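Residue numbering begins at 1 within each chain, and the chains themselves are lettered A, B, C and D in the order written.
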Amino acid sequence: MIPKLAKPVTLVALTFALAEVAAPPVAVGQPLVVTGATIIDPLADTSIENGAVLMEDGRITAVGAAGAVDVPAGTSVIDARGKYVIPGLMDANLHLYLNLDLETLIKYEGRYHEIVLEAAQLTLKSGQTTVFDTWGPLDPLAKARDMINAGEAPGSRIYFAGNIIGFDGPLSRDFRGEAAAHVSKAFVNRTNEAWERGTGRDLMWMTPDSVGAAIREYTGTGVDFLKYGSSSHVEMYFISFSERVQRVIVEEGHRADMTVQTHTTSVESLDMAIEAGVDIITHGDISGPVVPIPMETMRKLVERDIAVSVLPITQRRLDALQEHNPEGTLTPYMTVGRENQARMIEAGVSMLLSTDAGIKHPVLLAESSTIASDTVDQRTKLGEGHFNALAALEELGMAPMEILRSATSHIARAYELEDEIGSLQPGMIADLVILDSNPLEAARNYRSIHAVIKDGRRVDIDALPVAPIISVLKPDS
Amino acid sequence: MIPKLAKPVTLVALTFALAEVAAPPVAVGQPLVVTGATIIDPLADTSIENGAVLMEDGRITAVGAAGAVDVPAGTSVIDARGKYVIPGLMDANLHLYLNLDLETLIKYEGRYHEIVLEAAQLTLKSGQTTVFDTWGPLDPLAKARDMINAGEAPGSRIYFAGNIIGFDGPLSRDFRGEAAAHVSKAFVNRTNEAWERGTGRDLMWMTPDSVGAAIREYTGTGVDFLKYGSSSHVEMYFISFSERVQRVIVEEGHRADMTVQTHTTSVESLDMAIEAGVDIITHGDISGPVVPIPMETMRKLVERDIAVSVLPITQRRLDALQEHNPEGTLTPYMTVGRENQARMIEAGVSMLLSTDAGIKHPVLLAESSTIASDTVDQRTKLGEGHFNALAALEELGMAPMEILRSATSHIARAYELEDEIGSLQPGMIADLVILDSNPLEAARNYRSIHAVIKDGRRVDIDALPVAPIISVLKPDS
Amino acid sequence: MIPKLAKPVTLVALTFALAEVAAPPVAVGQPLVVTGATIIDPLADTSIENGAVLMEDGRITAVGAAGAVDVPAGTSVIDARGKYVIPGLMDANLHLYLNLDLETLIKYEGRYHEIVLEAAQLTLKSGQTTVFDTWGPLDPLAKARDMINAGEAPGSRIYFAGNIIGFDGPLSRDFRGEAAAHVSKAFVNRTNEAWERGTGRDLMWMTPDSVGAAIREYTGTGVDFLKYGSSSHVEMYFISFSERVQRVIVEEGHRADMTVQTHTTSVESLDMAIEAGVDIITHGDISGPVVPIPMETMRKLVERDIAVSVLPITQRRLDALQEHNPEGTLTPYMTVGRENQARMIEAGVSMLLSTDAGIKHPVLLAESSTIASDTVDQRTKLGEGHFNALAALEELGMAPMEILRSATSHIARAYELEDEIGSLQPGMIADLVILDSNPLEAARNYRSIHAVIKDGRRVDIDALPVAPIISVLKPDS
Amino acid sequence: MIPKLAKPVTLVALTFALAEVAAPPVAVGQPLVVTGATIIDPLADTSIENGAVLMEDGRITAVGAAGAVDVPAGTSVIDARGKYVIPGLMDANLHLYLNLDLETLIKYEGRYHEIVLEAAQLTLKSGQTTVFDTWGPLDPLAKARDMINAGEAPGSRIYFAGNIIGFDGPLSRDFRGEAAAHVSKAFVNRTNEAWERGTGRDLMWMTPDSVGAAIREYTGTGVDFLKYGSSSHVEMYFISFSERVQRVIVEEGHRADMTVQTHTTSVESLDMAIEAGVDIITHGDISGPVVPIPMETMRKLVERDIAVSVLPITQRRLDALQEHNPEGTLTPYMTVGRENQARMIEAGVSMLLSTDAGIKHPVLLAESSTIASDTVDQRTKLGEGHFNALAALEELGMAPMEILRSATSHIARAYELEDEIGSLQPGMIADLVILDSNPLEAARNYRSIHAVIKDGRRVDIDALPVAPIISVLKPDS
């Protein structure tokens, strides 16, 4: 968790000079006000029409009716009349480095952090001011996170887990093991180690005490939160850790003041994780191809205040997948998953919008044959998947304000960052998105991004990503 | 469990005519007495020198000093002066049909029960009057069991589990999945179904209630006891069922008056099974290649009176395996296993002798390259492995009487058959082995089989197996 | 080659009693006459309307106008008014045992000759009185051939090559090598040896002299003719033998009074075989996926009187294949093949109807996914493929009488059996097919089989096959 | 072939100042003399003791007794008293880029010429002033060759063939096809195309005319000579091209004034290549694992003046290979190969020293398990293999002067460069090696390299390679 900053609460009077919407980013330290827009705060009961949001030193310092906010002299102004202001969007579960193919692993070895940065810029461009990376290489993620936090590069604010505890690395049986035979063992080992960092499959042989010691060490490596596998990654009904070991992992995370989440893919491994005390269930809507999650389990989630990141897809996409469904795909899982999502809405589970997205290598993507997965309401395409996920939640009947919360305040709260991000309350970090159309009227309006403000400064979204490497590859690359 | 028969207790006077040791099997119904031998009953404090065991109608009716046992007129006599009588030996964990290669599966389809019979005759020949088959095809096992029980064929008394609940069949990923591509799907399906019978991997997706219903159905198929996988079969650290599902399986077994055991291969899956209430841990000495089972767990086993079938191997075999150890073998598991066995002896766990043996296809065996596994103190060779296991227990320092119990009374008790088999008490089924040398002096003396008596009749061990099919195959078969 | 028998030439007077068409097969030795039909002899200039064919002792003894043929007393009569008589059909290239799947190889080991017999009965049922098996297991083929020739079983007259010289057996890289890992080496070896008989791939390492010695030995094993691979079986552009080695093989075949044919699949290996002096090119219409055979090569075939067995398929089938064409199939080869067939017709090459057919295992066939290959104008289905091939030749514009010759007299001549079979001349073996409709009007009329006469006796085609084993398997077999 | 330069023939008087042996490379254009050494010219009848070699403008201008050679003023002098001068060594068959593993292919894409340069520097360092690269990527080889020829980088003089006509590229079935599944098709295609350049396997489908057209085009791409596959690369007994197509390839090469050689691996493909008129047989000592090349074929080689590059290995290496011989290796081929080498010596075939060497990726090499191939008298190690090959020829009984010729004048003559390189005649390019010990006394003395002179200038061999990339990789690279 990031350190909790003192929250400024003063409401100041509003005085400002009109600024063009296309105005350049404000200078560092210069106050900024967005005025004239409808302010939609997920934590507020009602929206503020013709409102204003004043930001100083990276924080929101005042929110209110346009006339009721005092704007200091020299404040930069964004005239947002007719537009809509929401908190910066988030993704509770994505992967800024998801390129496990040998071509990328070899070609960009030593430069993975550049791909992470590129990814974080694509997410920022699409309105996501904060993203939660739930599996990736530790050092590159840390480096990119720190560069962004230090203002050395633009990008979404990153929190990351590093490895999923209990999983082996990219060139292991958990991912692309069959590729390992085609490169040196030295390369395999250092690639896997970039992910595993002592938290791989070997832990499954261990006693609770030994696992605890390993996790304790891992919490000191610079990761922001913990994620472990309650389910196996490869054969999705297998369980990785006994309940008592799961409990140890959770306790070690909490001891280090970190939230703990788990990868589960079956009804029973989900139940075990709940009993073990996790804070978040990652893609908790995936419970296998056969049986949906019982309502009894849903109620446990609500009672214990456990949030669930979900992977909603549109009916149109589900239809496309079913039509083009080759053997062995996840389509039956997504079908059951949709039922689980509906049950969660019914039960009142705190659902966190997520995508599992990453930058797919464009050449490899173009060469893969599955038509539907590439073209219809894509889920895992970075900078695009979350728009489709928001629309899918709408299809499922989720209330408009709840949809907004699933992408903002719920995520902040689940990750225990509710004092920093996820709402438009004074004192919060000044992460805003200005939309041309009202997102509460239609989820597709989240796409109508007019401007993105992060840390109280307007982002030059047209320039993102600033140094594209992999997202622009052509067929002959 | 078999129905508990009324136990005859009458001690009758001993009168008999001397019979040659090589006498033919007694006629049905004819009483039989073994006289002059040292009687070693695992449940007795001391042995009886120059003792006699009288058997009538398949039961032991009197045991005592030779002069103290009344022998009815017409009783057939085995003069066993200088010899040693022990209860019939047992194997707590073997596989009478273990031939998963395509050649055998195809060639003998519809005749697997003949292979089961052949196996049960080889075990009987080696002194095992009762065997517990812990994984195999249901119908062939039932057919062979019933034929033997009905006296239609000689053979060890069989109790069997059928499938290991949670495992898929022989031509699945759990065993020989890669072979499935080379035969018809129809063949694959009916072969797998011969084992699975509705208790395969799909159960891992299910809720406790659904699993319970499936198990309830399975208990009605004719199996004698239940066995389920707490660990996965293929990647041995994965866990197959949550603790609450394991508990449901145990409860369903007990409801059907069956003992329940589990396949575990890791420290944690073992602990889960203990908590779930199982009666027996199958090869509970296998806990992975890294960490032995904690003494705390050993104590739980003792406190809750849970028996553990073990797979002891001699140091000589272990050395041979280590020397010829190709990558990916079980040798590190056996090394840790030996440490676990020692800890069990120390803790006083009820250990059950077992081998996992089956009839290997002799041609395939000869073609396999692993030298050590074929020639040095073999473990899984049917009719041979248990002798080596007994010697291995001796090496580990187990007391002589405890070794005998591990192969007789402990097994009977673990399977809740202590009122029927496993000792030489009057009323027990008359299963005896007469040895030339004293097994309490050296475990190798278990090999000195002079005669085997089952159900009160002497077995013609020279004739076994009576119609060999697979155990005699030559290189060009 | 079969020994050339003295040809009876006497024309006897026709006297007969009318017999029902459905009359039972004539007694051995009893003369038989077919009368009233249009007699179509591929070697005659014109058909004989209302003709008669008299058969005695297995030979045709007279052919002519019904009134001009003297029929001995006691002659059995088939009244075939309105029908059409042609010589028994042939297939120049099929495989009576084509079941290389492990299930069949294992299950029927020792009984392959029964499958060969079943196949030969299915071909006979479909009008093929003689078939040329160009690849199969030597001993089973010899046994079936000899049983049929001895009258011990019904079936098409068989001539066979055994192995294709230079190919390894069924469980080698040439066919199903990847299956070999799933059975014993002993089984692999004896299965491969059943085909190879010393004429496998190893010959490719050898000098011409060594190859010659091996072939000389092989000609003494009971095969009827020789076939060798000029092209490799697996990667179809590779060449197996140098031209001088090919010449040695041809010479050894001719020395043993055998015809010699070759498997070629490329333009260049075809040319090499021509230069080496072969008698027949097997499926000489297959020249790869790219380039058709040059007309210059076609002219060589004509000048040197080399016959070519072809695999014609209908346009409808070709379309179906192209539509459902998965990667890696032979469809492009068939497309080029069709062009080659047209060029052969243009050049006047002696084309021999062939199918490469065999009895596919019905269960495996049903499980295979390629729709087109199973349902549209099948090529390799035994008893069916040749009808489609005849129709395909018609589509290609071949003259009706030439189509008939491609399935009768051309094949007989190519195999140097023109004095025995392939025409309706007196002295020939009495193999006839009686059709309901005129095959010269439409090739589909070859399907209108009314009766089949072999060796001068009517075949009970309704009863064929007499003991079906594999052609009748159901999904659960 | 390189253009034939006008040969200077003037003998000038010798005047010189003594220079230190360790003197720096002479300035461009400065004459150089080596004096005092024993001059061993493979084309001369006797050696010249206390001789001198004068070099001007990159050519040898005078050779003779030290006192008989006029040395111009300003000539740089190498005092080589007690040493031995031979022509620069050559390798008739190596591969300057032999790194087909994905790691290298991906990491160094676009930089292969740097690896080629590094390799050419390692060969130069070991005394090889000219090397013949018989398979590799065209553009990188051309670039490195041209840079060396232009004096932009040091390195052995390179002549190269590019692709072996009829072979597909590195990520095809001919080499590492199974790796192709792990990278993009785009990468596979452009990698393969870097080698194939329109001369791949597809040619095997073609008619002679089409192949001729393809070769004609290929001769214009900048390659120095042609090499085609008479044998297949993967299954070594298959033949790739008919004799008439082979003849067309040879003719097209000769038409373009290029020598033509062929890859053969069987007795018969060798004979076909001889008949087709090739100039050189590449590793013509490899004729499979069974049969040596008949003496009749050896005589053909002599009569038609066809040179054979050979791969001699020492008996010590052969023993090591046989001891550690895993299934599927080339050891039986090398055993037969040694017999072929002996037969060639007996028959008087012009044998060309060759190694098939390349820079193995050191990390991959260290990880590979074959002990013998890495440590005992290595054959394919660049800069080392030719020394072992020279020793192996000595073991086989080849005369000392003939050994020298096999590495110098024979190679020059076979490649039709005898007017440029391969001897110490005046007019030749001034490529020399100065040895400390007499190579005619023991072949191991070729290792005693004192100095290397190329193009009349002393090479700074201590500095080679100048910018090592791949030859220095460490285990963690």
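A few points about this structure:
In this section, a residue touches a chain if its C-beta (ideal position, glycine included) is under 8 Å from a C-beta of that chain, and two chains touch if they have at least 3 such contacts.
As the structure is a computational prediction, the values presented were derived from the model and not from experiment.
Among the pairs A-B and B-C, the greater number of C-beta contacts is found at A-B. Taking the mean of the C-alpha atoms as each chain's centre, chain B and chain D sit 68 Å apart. Put simply, the C-alpha centre of chain A and that of chain D have 58 angstrom between them. Chain geometry summary: the mean Cα position of chain B and that of chain C are 58 Å apart. Contact with two or more other chains is made by no residue of chain A.
In summary, the structure contains touching chain pairs A-B, A-D, B-C, C-D. Residues of chain A touching chain B in their complex: 173, 201-202, 204-208, 210, 232, 235, 237-245, 266-269, 271-272, 287-291, 294. Of all residues in chain B, those touching chain C in their complex are 101-103, 106-107, 109, 176, 178-179, 182-187, 190, 361, 363-364, 367, 475-477.
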